[in-house]
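Two complexes come next, and they have one chain in common, chain A, joined by chain B in the first and chain C in the second.
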Partner chain A sequence: MHIVNLDAGTVRAMRSALSQRGSIQPVRIDLRFNGCCDASLGLCTDAVNDDDLTEEFDGLTFIVDRETFRLTGEITISYVSREGGDGYVITSDKAVSEWEGFSMTDIIF
Partner chain B sequence: MDNYKLFIDGKFVDAKSGKTFQTIDPGTGAPIASVAQAGKEDAEAAIAAARRAFDKGEWSRMPVKARMAKVQDFADQVAQQGLRLAATESMDAGQIISLAKFMPLISITHMRNLSLAAATKFPWEEEIPVSGNAFAPGREFIRREPLGVCVGIVPWNYPMYIAVWKITPALCMGNTIVIKPASVTPLTACILAEAAKAAGIPDGVINVIPGPGGELGKVLCTHPDVDKVALTGSTEVGREIMRMAAGTVKKVSLELGGKSANIILDDADIDLAVEGACFGTFFHQGQVCSSGTRLLVQSRIYDQFLDKMKKRAELLRVGYQMDARSHMGPIVSKEQLATVERYVKIGREEGAELITGGKRVDVPGMPEGNYYAPTIFARVNNRMRIAQEEIFGPVVSVIKFDSDEEALAIANDSIYGLAGGVFSGNNARAQRIANQVRTGTMWINNYHIFSDFCPFGGYKQSGIGRDFGLECLHEYTQIKRIHVNSMAHNHTNMYFQLISDYKKVDGFTYSAPTTVVSGHGALSSIYKAIVDLGCKRALVLTDPGVKAAGLADLVKNALADFCIGMFDKIPADPDLEAVDAATEAARELKADCIVSVGGGSVMDTAKGVCVTLKNGGKANDYLNFLVLTEPQTPHIAVPTTSGTGSEVTSVAVLTSHAAGRKLFIVDPRISPNVAILDPLFTLGLPKALTVSTAMDAMTHAVEAMTSTMSNLICDGMALQAIRLIGENLPLAVEDGKNEKARINLQVAATMAGWAFTTAQVGLAHGMAHTIGALHHVPHGAACGIILPKVMRYNVETSADKLALVAHALGVNIKDMSEKDAALAAADAVEALMQKVGHPMRLRDVGVPEDNLAICAFHAIADTAVIFNGRPVSDPNDIIQLYTQAY
Partner chain C sequence: MMKTFDVVSPMTGQKVASYPLMDAKEVDAVIARARESLAAWSGAPVRDRMKVLARAAEILADNALYYAERVSDENGKTRFDALMADVYPSCDIMHYYAQKADKFLAPVKVEGNPMMPGRKMYYVFEPRGVIAIISPWNYPFGLSVGPVISAVAAGNTVVLKPSSQTTNSGMLVKRLLERAGLPEGVVNVVTGNGSITGEALIQSAGIDMFFFTGSTEIGRRVNIKAAERLVPAVMELGGKDTAIVTKNADLDKAANAIAWGAFTNSGQTCIGMEICLVERPVYAAFIEKLINIVKNIKSGTGVGEVGSMTMESQYKIVEMQVEDAVAKGAKLLPEGVLNCRLSGMCHPPVVLTDVTEDMKVMKEETFGPLLPVMPYDDVEDAVRIANSTTYGLSGAVFTKDMEEGRRIAGKIKTGSVNINDALITFAVPGLPFGGVKESGIGCYHSEVGIRAFTNIKSITECKNGNKKEFYQYPAIAGAEEGLVDALRFMYTQSNSQKMKSFFKVMPFLLRMQKEGKK
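This part shows the complex of A and B:
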């Protein structure tokens, strides 16, 4: 069972971001609520908890809460460049909201 | 099961792809309707329809009252559908029926209130009475026009009401709109479309396309035919919309998330505060962006408050939303429920204390419903995720604070700034707090109060722009400023002349509002003049010298009981501080009329007082050109010199120490109402002052003739003034008591004042202002010394006018060339000056030679220089002239 899926470019970008911050903690994929309707998935560095699922992907460790994963299914993270900036777009087998894939996010350290 | 279609261009249609989706009742988990699912092509079709409808003009150019009537028809059709809308909203969005039943009513009221405001209160056209540009006269006004095609993206918490928030202002202001309702709650927007159709809203004006935001959002936010995007939704989505909209510079208004602080002070009515806190958090299951989900409770009442709130929260009945007994219904979707649960788990992990709730609620008969208990966390610190991130469910974080300052610091420690509350028994204290919380709405002793005319929107990352109120209507328009040139000729346009060799301004506007009373005994007319002005309380302004000479008392006596006091401290070189001091005296005495008795300094100070007294503040607030829109405090001028002409001019020259130079108030409305030229006031003028003030008047007249703004009326005034001065100054110097000569000099100064107040002055004045400000040389003396030098400088462009000046001064120019006659004018002025004993050189009046260069750099920036007949761009020219005059 895969928790997460990334392409090579995304792995590179993430590794670079973590390295710049000197962070060795896993990357948590979590439900985040950013205001007035429609939750989304976000990224942050965090320690592993008992209820987490973990997966190593190309040298990076990802964690997600078991209940959250039950909601989302497999999660795909893509690093994109759009007019105005770069960031991560997170989608999942079962979308958490109709806006999934629309906006970019960044890793919260 | 009901089926709902897309509404595009006035028709109900299937999606191009044929796709549909089901919408679920969150209370039962069962599907309640099938809805067409819009895709990219449908979005493009809707935008195209909205574009056509806008460009066609039937809606956008409809008279505003007719548009109001159509919106009222729309509101009537919403009323017709009221019951269906309420029930559908309740089932689709999970709103308790006791809330949902009001939604149609407040939606109708919103439509009627805003359409009425748009038709009767909104400033569609606004005159700009003073443009702020003295050099381009004309009619200035603004028109507010619709933006065009708007996109309204509506969230799932108040699907109908927020759709109305977007539709109403867009339509009232002449726009067309594409509405994208939230996919979990699309139905009431579709019913609104039916109401619009039934009301006869023209095809394409409203379009409704339910569908996934991720797919439709990009089209709606990047399409070049969309002019504005209005979102109520998440900050993350709002951020992306701003980014996308930037590509085509669309207008964007965003109403985003919040983590509002509801502050309970220790003097609050505790029972009221508990109700307010519960309502502010648990109303509509906490699915309200303005919810007070950070509850800040002052330490003195913390335990008591928390205990009461726990008990109150546990009395809330969570049940099926269509059950009228329910206080709280279901969370809108399983995904949203999972989010709430995740945050409750985070709260526990962060160490917050769960006081109550934190679990699902089993509602009998509704096993698939998304019910969650009202949840209270205590021992929360503001850095926790449950205090910083919006949960959008029935979860509140209670934070203890000690002082009001600490409460403010906590309240403002958030990326959001949407709303907030203060509960206190002390309005002043509550207001102080409310003023300092950086948020768009503050409720005092209340919560979640929305009102159609009261703007709603966020600070910081809670959004941009406002819903509700006239402020919202403004957001759906754009401003066009229209300037209509008063004198449409290239030779009257000072801007066009910047790239032309033709510098003269042909054409003019002449206005001389001052009533002049002249002659022996004219002073007595002041008694009638003040009555005619409707005044009763005259303050006499004067300087110490005029006071000591007894002249001010003559005026005081002539005013009799109308005189309420005298301010006699005006300095020789009036500055802003002198104006403020005299204004303060006028305010204290409640003066309604200013009578100036003195020379130009006193009269200019009086003009400043009249403006400051009328409009409030300080003199420094009014150093402007042509900005006054009303008559000022009435002013009667009694000149005691024959020089400045200030008794009839529209300019006050005042020294600003901060600016290091003389600055001006220029406005026809500061011309004195009445000028009294009684020779009684100049008979005793010492010889030196007689001479220097007369040279001031001479300079006014000569420069008015050579100015780029010179004109036939002012030339006539100026030439008569020059002749009168030339003939009468030597007589007055010889015999100071020569009343006829004195009267003639007074009239000459007034006529020269009339001349230059329209035609302006020039380089001589710019140079004189500077050495006056920097070296305190009396203005008239400075003018006299510099004038002949500048006359010779201007021969190149103004020989014709200077030849007339020579003639007015008695030079026989019959056989002279124009240039020679012009030069002879300068000679004649110098001859007059020598005859009457006027100082001839700057060194004679204390100007140091090593300062001439600095003076030149100041002088070239003087406003008067703009109008000099010969253009002046090189400070070296001015240095040369100063050197010649030195």
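This part shows the complex of A and C:
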């Protein structure tokens, strides 16, 4: 079962962000509520829980809880630059909201 | 071949309808249609526009249950919730602007300047142009009708993007208004999700104003895109609204209002009650009354007073907040409330006690049928908690001491507060509705709200017969001294100085008048 997809540029950006913060923890893909009608997927560094699915991708470790993965299906993370800023855009096979991928997010440490 | 998407009932999982997933090219074509219709509609007399609204209110009232059922089909709410909070407020605001739009949009005269006599001065309200309205799925009909008819009454044309989950409701708004006599092309609907169709809409150069209802995160980016083009935008965003119940409250009234304010529409209400703070001496009595109400609420599809949640991701977020609260020591009431799982995405109303401020349910918007209740000892502490979130949408205070109610209401940093009531500010079309902090920018409803859809143009009409004014070239002799005397005369607070200046300025004014006629 494949959990996450990233292109080479996104892997580089994520590796750089993690090493700058000296983080050795996996990156969790989590479900967040943005207020009034809109959920999205976010990123944070976290420890692995019993209920998590784990995947190694090009040296990076990603975790997502089973229930969230049931909602999303395969997840794609892209590092993008737009409107004067950089960040990660996260989309999934079964979008968690109609605005999924519209806004950028960053890794929460 | 055009891509399509399905609208699926959250109650049954069955397809309700299928619509085109519009891309940038298709969105631009719809915007062009709205632009073509603008000249004729903005030139139509306001009274003609008002007639359309009056007729639409009448049609909606005559077919209220039909519309409520269609909303319920795709949103999952009960038919009564749809009738009460989508259909009724829509009838009311259409009727309101049908009665008052001409007064609100009439030119406003202002006082002239004494040094610039013989002029009429006023400002007028002109349509902004093509308005993009992006509406959410929680009140898909009501939250589309409000901004759409405000924009239309002010002479604009509209491109409405309803939530992809509740596209039928957006189509219903368009059809209702056209059935009431609105020319085709004035209200247009683009169908699709936010990330493709919404993105195309905000990237378009053809939009003159945005009106967005939805999350703070998405609203922020819509607002950034609008700001890049210097296009105005009204943002109606999320909330984390608090009810404060003082020891002077009518506890029955408070419990009934707060239960409804928290659980109507399965708690999927931006202005829903999401935190309840109760003064300690009445805390136990209030909880008892609240639980008595909550345990008797009928939840579930078909028979329910509280229907289905709309989105599976939203249901999961509610569960996550419950897990977090329980892990940190919260107690769930009524006892055993989650033992009996309901069908589909129906989540029973849950009261949480023994809550602490570090729990997600106390900090993050829930948008589901959870209500944390916490005692307080000092009202200043209650106000601090109410103001501690990033949001500032609405709130409520319960007390029989109206002075106390107004005092507390004045300290809550929100766009609205109900005293001894919940949610109803939204349903009163004469009250402006909007939030502060991360709950939004600007407002709609009321005289203020309809004018938000206009450009304000100031006009002066000079009819004084002068060929030249005293400040124009060449300056008349003594203009500087005369102007200084005039300023003293007009703005001094001393009567004796006013008299002195009067005798000095009069010769200048007479000369000014004489010179002006030359």
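We adopt the following convention: the second predicted complex is superposed on the first by the 109 of 109 C-alpha atoms of A that agree within 3 Å, B and C clash if a C-alpha of one lies under 4 Å from a C-alpha of the other, contacts with A are read in each partner's own complex, and residues count from 1 in each chain.
Everything below uses one rule, namely that a residue touches a chain if its C-beta (ideal position, glycine included) is under 8 Å from a C-beta of that chain, and two chains touch if they have at least 3 such contacts.
Being a predicted model, the structure only gives us computed values, none of them experimental.
Q: Which partner chains sit in contact with A:N49 here, chain B, chain C, both or neither? Use first/second/both/neither.
A: first
Q: Which chain A residues come up in both lists, the one for chain B and the one for chain C?
A: Looking at chain A, the two contact sets intersect at 31-40, 67-68, 71, 83, 95-103.
Q: Which bits of chain A are touching chain C when the two form their complex?
A: Those residues of chain A that touch chain C are 31-40, 67-68, 71, 83, 91, 95-103.
Q: Mind pulling up the chain B residues that touch chain A in the complex?
A: Interface residues on chain B, with respect to chain A: 155-157, 182-184, 212-214, 217-218, 232-240, 243-244, 246-247, 255-258, 287, 289, 334-336, 338-339, 341-343, 345, 349, 389-392, 416, 461-462.
Q: Can you name the residues of chain C that touch chain A in the complex?
A: Against chain A, the touching part of chain C is residues 136-138, 163-165, 193-195, 198-199, 213-218, 220-221, 224-225, 228, 236-239, 268, 270, 311-314, 316-317, 320, 364-367, 391, 438.
Q: Help me check something: in the complex, which residues belonging to chain A touch chain B?
A: Chain A residues touching chain B: 30-40, 49, 51, 65, 67-68, 71, 82-85, 95-105.
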